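Sharing a structure, written as structure tokens. Questions coming.
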Amino acid sequence: MISVHNLSVNHGHLKIIKEISFSVGKGEIVSIVGANGAGKSTLLGGIAGIYSPAAGSIQMEDEELAKKSPVDIVRKGVTLVPERRQIFDGLTVEDNLILGSYHRYSKEKKQCLQDLEMVYAYFPKLAAMKSRLGGLLSGGEQQMLAIGRGLMAKPKLLMLDEPSLGLAPLIVREIMNILVQLRNITSTSILLVEQNIKAALSISDRGFVLERGSIVLEGEAKSLLQNQSIKDAYLGASPSLQE
Amino acid sequence: MNLLEIKNLSKDFGGVQAVQDVTFTIQEGSISALIGPNGAGKTTVFNMITGVFPPSNGTIMLHSKKISNKKPHQIAKEGITRTFQNLQLFADMTVIENIMAGMHLLTKTGVWNAGFRLPSAKREEQYIYDKSMQWLMRLNLDQEAYLPAGTLSYGKQRLVEIARAVISHPKLILLDEPMAGLNHNESEKLADLLLEMKKEGQTFLLVEHDMDIVMRVADHIVVLDHGVKIAEGTPDEIQQNDTVIAAYLGSEVTI
Amino acid sequence: MESLSQLMQLLFSGLTIGSIYALIAIGFVITYNITGVLNFAQGEFAMLGALLTISMSSAGLPLYLAVIVAILIVMMVGGLFERAAIYPARKSSVATLIIITIGVSFVFRGAAIFIWGTQPHSLTPFSGNTPIRIFEAVLLPQSLWAVGISLAALAGMYYFFNKTYTGKAVTACVMNRFAAQLMGIKPEKMSFLSISLSAGLGALAGIIIAPISGASYQMGLMLGMKAFIAAVIGGLTNAPAAVLGAFLIGIIEAFSEGYLSSGYKDAVSFAVLLLVLFFMPNGLFSKKSGKRV
Amino acid sequence: MDTKKFTRSYKLNLYGIALLLFAVIIFPFLVPSNYFISMFILIGLYGIVCTGLVVLMGHTGQISLGHAAFYGIGAYSSAIVSGKYDLPPLMGVITGILIACIVALLIGIPSFKLKEHYLALATLGFGVIVFTFLKEWTSLTGGLNGFFGIPPFEVAGFTFTNDLSYYFIVWAILVIGLWFVNNLIHSRTGRALKSIHGSESAAESIGINLMTFKLKALIISAVFASVAGSFYAHYISFINPQLFEVMTSIVFLIMVVIGGSSSLWGGLAGAIIYVWLVELLKDWVPLLGFSTGGEFEIVFFGVLLVVLLIFKPKGLMGSWMEKKLFLSQKKNVQNKKGAAL
Amino acid sequence: DSSSGEGDEIIIGGVFSASGPAAPLGKGEMDTVKMLVDKVNEDGGIDGKKIKLISYDDKSDQNEAVLSMKKLIEQEKVHAVIGGTISGNTLAMIPLAEKSEIPFISLAASKQIHNPDDKSSRKWIFKTAQGDDVVIPKVLQYLKDEGLTKIAWLNVANAYGTSGHTEFAAMAKDFGIEAVVEEEFEATVTDAKAMLTRVKKEKPQAVVVWGTAQESAVITKNIRQIGMDVPIINSHGIGTKQFIELAGAEAEGIIFPIGRLLVADQLGDDDKQKEKLLTYQKDYEAEFNAPPSTFGGHSWDAFYLLVEAIKKADGTDPKKVRDALEKDNGGFVGISGVFNINEKDHNGLSKDSLVMVKIKDGGWVINE
């Protein structure tokens, strides 16, 4: 589906992502795990075209995405649900959702409206607050809206940056189910960044660990869950803050 | 002793009943948690306590003194600081400046003293610098001290915000989802820190969706749903409470 | 009777000038809403429109054709302005962008002196100059044009921003440029279109007012300033409110001029506005902004 | 504790101020003519106004479109006190400062309830109202005919008659002003102002009273502007209301922005660039073969302004300071960061 | 080379408001001087010395004017300065000329320029424009002759308008004229019908409008549009074709005082100025493709007064030039009128330098 080869991304003069290579197959869920500041968001931003990659290539269905604008990348079928939600705060919930399907709305209006109903079905809460301004929702409601908006794009590759952030436990499970369903029904590929590593790996096919901009470990999700160093660093008992 | 008393608190946003008739108290030196589904009204309660907007109804008392209807900076002066669910850092200031700003209330140099750099101003500056640096080390942020706060990763920005809120030793600290954006290990470290500070006598009220952490650190939990308080009690009581399980936790407590 | 006719006269005057401010203010709001830029060169589009029309109609072009061509040229100038000055600086702070637009207004003004000189020029009214008398008060046909066109423009804008999907996309760009890109919306394209659209509206305003007060290279400054005030009163985010703001200013000006003294006109209008704002800190017609903590 | 890094920008500025002081003293010996001295008197005066504005705009994030009015208040106070009532000029300066403070309070308290662009509007309106006063109160100000016959500045028996004396006093004030502001922005007050710029809700949450701190910033900048206005009046000896119109406020704004509002030096740098650019264009544009009149100067000035800001959106000093202070340290961080795995 | 003040070039400085609000005045002034310098140089200069003109545009801004003046005096070492399009800028430059003792011929109108209220020194300052102290009596005389004693006074709210008003207020009584209503309007006025309805109520016998072309045209049109058909007297600020264009049909019948340049072709052959006026008109039109304005005329006068003085002083020694300007100019025939400059009067124009002109069929005719 998408294969990333020797990708580097900088912030100013700082190398944040250092020559990373990996791929996500069609209908595959891949998780990225890493500490704060490891560069996870920067990596997703690099693929989405928000940060222009300094080097390397991003191939999708034989097309090079690496130097394309975010808009072109969206049109190619890659959508990012970004960190911090990034809601259009002065627009209503419904307008926010519809704009999620902007790049295809004029062509397939009917389909878009159907998809809107699907999103409402996933998140009944949003349906109940259709005409409220997005910016006035609670944090978790906004997170649902952001995810819903991402779904409205109907991407081939959906990238989610910490989708469970700020969501109640019940909803987190709900989201994970939705992602699995999405993969099963539409064969959407999913690239997932999560702090809730257990939840993420448990629905993923594969995963890799990012550290200071490089991949230090990768493999089947199940084996990663068992991996001792991962357990120590991200899941295990907590060493005290003072070390 | 009761530090904060909330009585019959309600908030109505032009038809949206965000909080309805909520009553609870916070004990001095405890960690309390406010939990509930998304949109239950937790952040709204925080906003009313800190004076972002006045309650539609009800009273808030700190040490038996009424503080509802005060302005946010007055509330801070009364001794309540907070963090924000949607981060509100001073993005262009360095990390250490962010934290030094947090000591605003503990210091008093005015325009005159500062402008002419009188000795008292210099002394004070050194004092808050030292104290801020200590906190940065405590939170493992000392390496980032001189970076503009806006360029930090999400998780670290959260820590900076927490440091900014705790450094002035307020009577009560409100943390809105402090663990969001931290991974399990980092959350555990932060939880340890909270417990440590509790030992030092600090009182907290936190909103958090990470139930492992809440159950570990909280002495007392209040549960909201649709703006209404549906339960209150110790972590054990809450975990057993059927209403809470149905509305919020689900049958498995942790994932 | 006399006081009634004076009242009417003041109202007519206020509405006429208000509608000119309104057209420019709509452009101001559009630009602000799409690019986040407070465009202090907005008034210069009016100047360009007026002077171009005058040149072309005195070169023999029929008036309607001159108007259309002038508007098209100004729209192109607007587009060029966006590409050359706004687009490269799109990530800068508000103050920086304001100064950039002021820089551009200098360029326009200097160029206008070069082309048209410093003397004022005149244009014949669209449809005669015979005043219509209503209760002793006079209303010029040109005033009807002014009010009519500004209301039509308003209706168009309202429809576009509130009823069309593209209008929503355009609005989204300012609220969150970053997210808009992630949705596949091209903020650059939107900003290009919107600035040329505002330029066209500005040109129209200038053309309408030229027969009333003449046109010169420096007319844009004052018009732009007043339109800015109108737009801010309206809350800066919605065109209908800006139009109301513009009419309000026009009428306040006319009344303070009519009942007090013109020397104090600007001061009085400002004093009234500030007073109103102090009681309504978010503008007279503020919409909910969707901001919370 | 090692505070070296923290005080780095403070120290850098301090060295800069010392260097400036040195330059100010030797400058008159280097220039070929008095004309440069008078140009630098104007630059110094604008520098004072803009340094005050740096506090208001760069640090507190409030845009003012009305600072010419404070400048005018200073100028007219001095003119009236010393020119009309023959009182000592120093009293005029002090009167100006007092009136500026009071007026800043009066305009500030209601304005700071307003958000973002409403403040720009309010200050714009304030400028117009002051202008109207100056223009209409003819018995006091001479109205639009102007006020002439303002005596030279005088203090402790010393009369400032030649350009050089004005040069030294204006730049002395500017150097002290810079030192004051440098101290201020590296203090609790400065941080409070900056935090307001960063996030008002967060600033309030740590106990910063938005209103009082915004007022402080406004008053400081008003006092700077008023003092500069007083010396302007004494130096030129003729003033009229049009000098203090909105356009002048906008010129101040331009200076601060091209200089870089986030840097202590932004105001001064902006004043130098602005005045010099205008003067240079006066000489250069005709050399390029455009000699018809002022229009080409305006066009060139506009173009230069736009180009400058496209390439230096934070103003000249803004980008420079950032480079000096942040980047070197960032590299360190990257190298030292410990591994988690 | 010219630092001694006695080089082989005569350096004349110019400061004009060629852009900014006063540009309609200043541009023609600057162009005129440029044209004349070229002409004199082509004809071999003054006593064989070429004139070098260094002229600056002060953009109608006082500080620019002061700096330009400084630069001319200190850096360019000019021998004399012509300029100061507007009174404010001139007044700000005066101290510099006085201090450096350089002859300075101003083109602006204010009385303060040559005859200040505070009696400060004006030794080096001359002026070629008719001040309000000359123009206003002309208008008052006209009103008196026509028997229009109850009038409405309207002036533009800037230095031009208010100084006219000050002078009017001081002299009206002497002529038995009374203003039944006095109003101001902005230079940027677009519609004054509101204010004029108030004027109309007072039923004046005539309206005096004191402003320059653009705003006066708006006011004049508005007066007619609201149905007032009393005589309208404008100021000398409207002496351009633009006014007639802008005011259109409503311009017909307007009366205003102005120098003879506008109506040069209608003057009798015995008129002293006629020949010079026609030559200036011809030259200017040939060069710039537009008719000259009376403001250009002021700088014509300033330039030739200076040329004459330099000739008489036999060099550029500032003191001698100044003395020559002051002394031997009796009867200098210029564009603005016949000058009689002397120690007491550094302007030297009387109200005879003006004629009342009426706008008729889109042109000007002498109305005397």
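Per-chain numbering from 1; labels A, B, C, D and E assigned in written order.
Here, contacts are C-beta pairs under 8 Å (C-beta built on N, C-alpha and C of every residue); 3 or more make two chains touch, one makes a residue touch a chain.
For reference, the UniProt names are A, B = ABC transporter ATP-binding protein; C, D = Branched-chain amino acid ABC transporter permease.
What you see is a predicted model; the values in this text were computed from it and never measured.
> Once the contact rule is applied, which chains count as partners of both subunit D and subunit E?
Correct list: C.
> Can you tell me which chain lies farthest from subunit B, using the average of the Cα atoms as each chain's centre?
E
> Please name the chain that ends up farthest from subunit D once chain centres are defined by their CA atoms averaged.
Max centre-to-centre separation from subunit D belongs to A.
> For subunit C and subunit D, let me know how many angstrom lie between their CA-based centres, rounded off.
31
> Find the geometric centre of each of subunit A and subunit C from their Cα atoms only, then give the gap between the two centres in Å, rounded to an integer.
Roughly 43 Å separates the two chain centres.
> Roughly how far is subunit C from subunit E, going centre to centre by Cα mean, in whole Å?
Comparing mean C-alpha positions, subunit E is 36 Å from subunit C.
> Would you kindly tell me how far, in whole Å, the mean C-alpha position of subunit E lies from that of subunit A?
Whole-Å distance between the two chain centres: 74.
> Which subunit E residues sit where two or more other chains touch them?
Residues 18-20, 23, 27, 157 of subunit E each touch two or more of the other chains.
> Any chance you could list the residues of subunit C touching two or more other chains?
Residues 110, 113, 263, 266, 293 of subunit C touch two or more partner chains.
> Among the residues of subunit D, pick out those that touch two or more other chains and give their numbers.
Residues 135, 201, 293-295, 297-298, 330, 337.
> Sort out for me which residues of subunit D touch subunit C in the complex.
The contact residues of subunit D facing subunit C are 57, 63, 110, 113-115, 117-118, 120-122, 124-126, 128-129, 131-133, 135-136, 201, 246, 250, 253-254, 256-258, 261, 292-306, 309-310, 313-315.
> Considering only the defined contacts, which subunit C positions touch subunit E in the complex?
2, 5-6, 9-10, 12-14, 16-17, 20, 110, 113, 117-122, 124, 129, 131, 137-138, 140, 209, 212-214, 216-219, 222, 254-255, 257-259, 261-263, 265-266
> Going by the contact rule at the top, pick out the subunit B residues touching subunit A in the complex.
13, 16, 36-40, 42-44, 85-87, 138-140, 151-156, 176-177, 180-186, 188-193, 209, 211, 248-250, 253-255
> Can you list the subunit C residues touching subunit A in their complex?
It comes out as residues 165, 168-169, 171-172, 175-176, 178-186, 237, 287-292.
> For subunit A, which residues count as touching subunit C in their complex?
48-50, 69-71, 74-75, 79-80, 82, 86-91, 95, 98-100, 102-103, 105-106, 133-136, 149, 153
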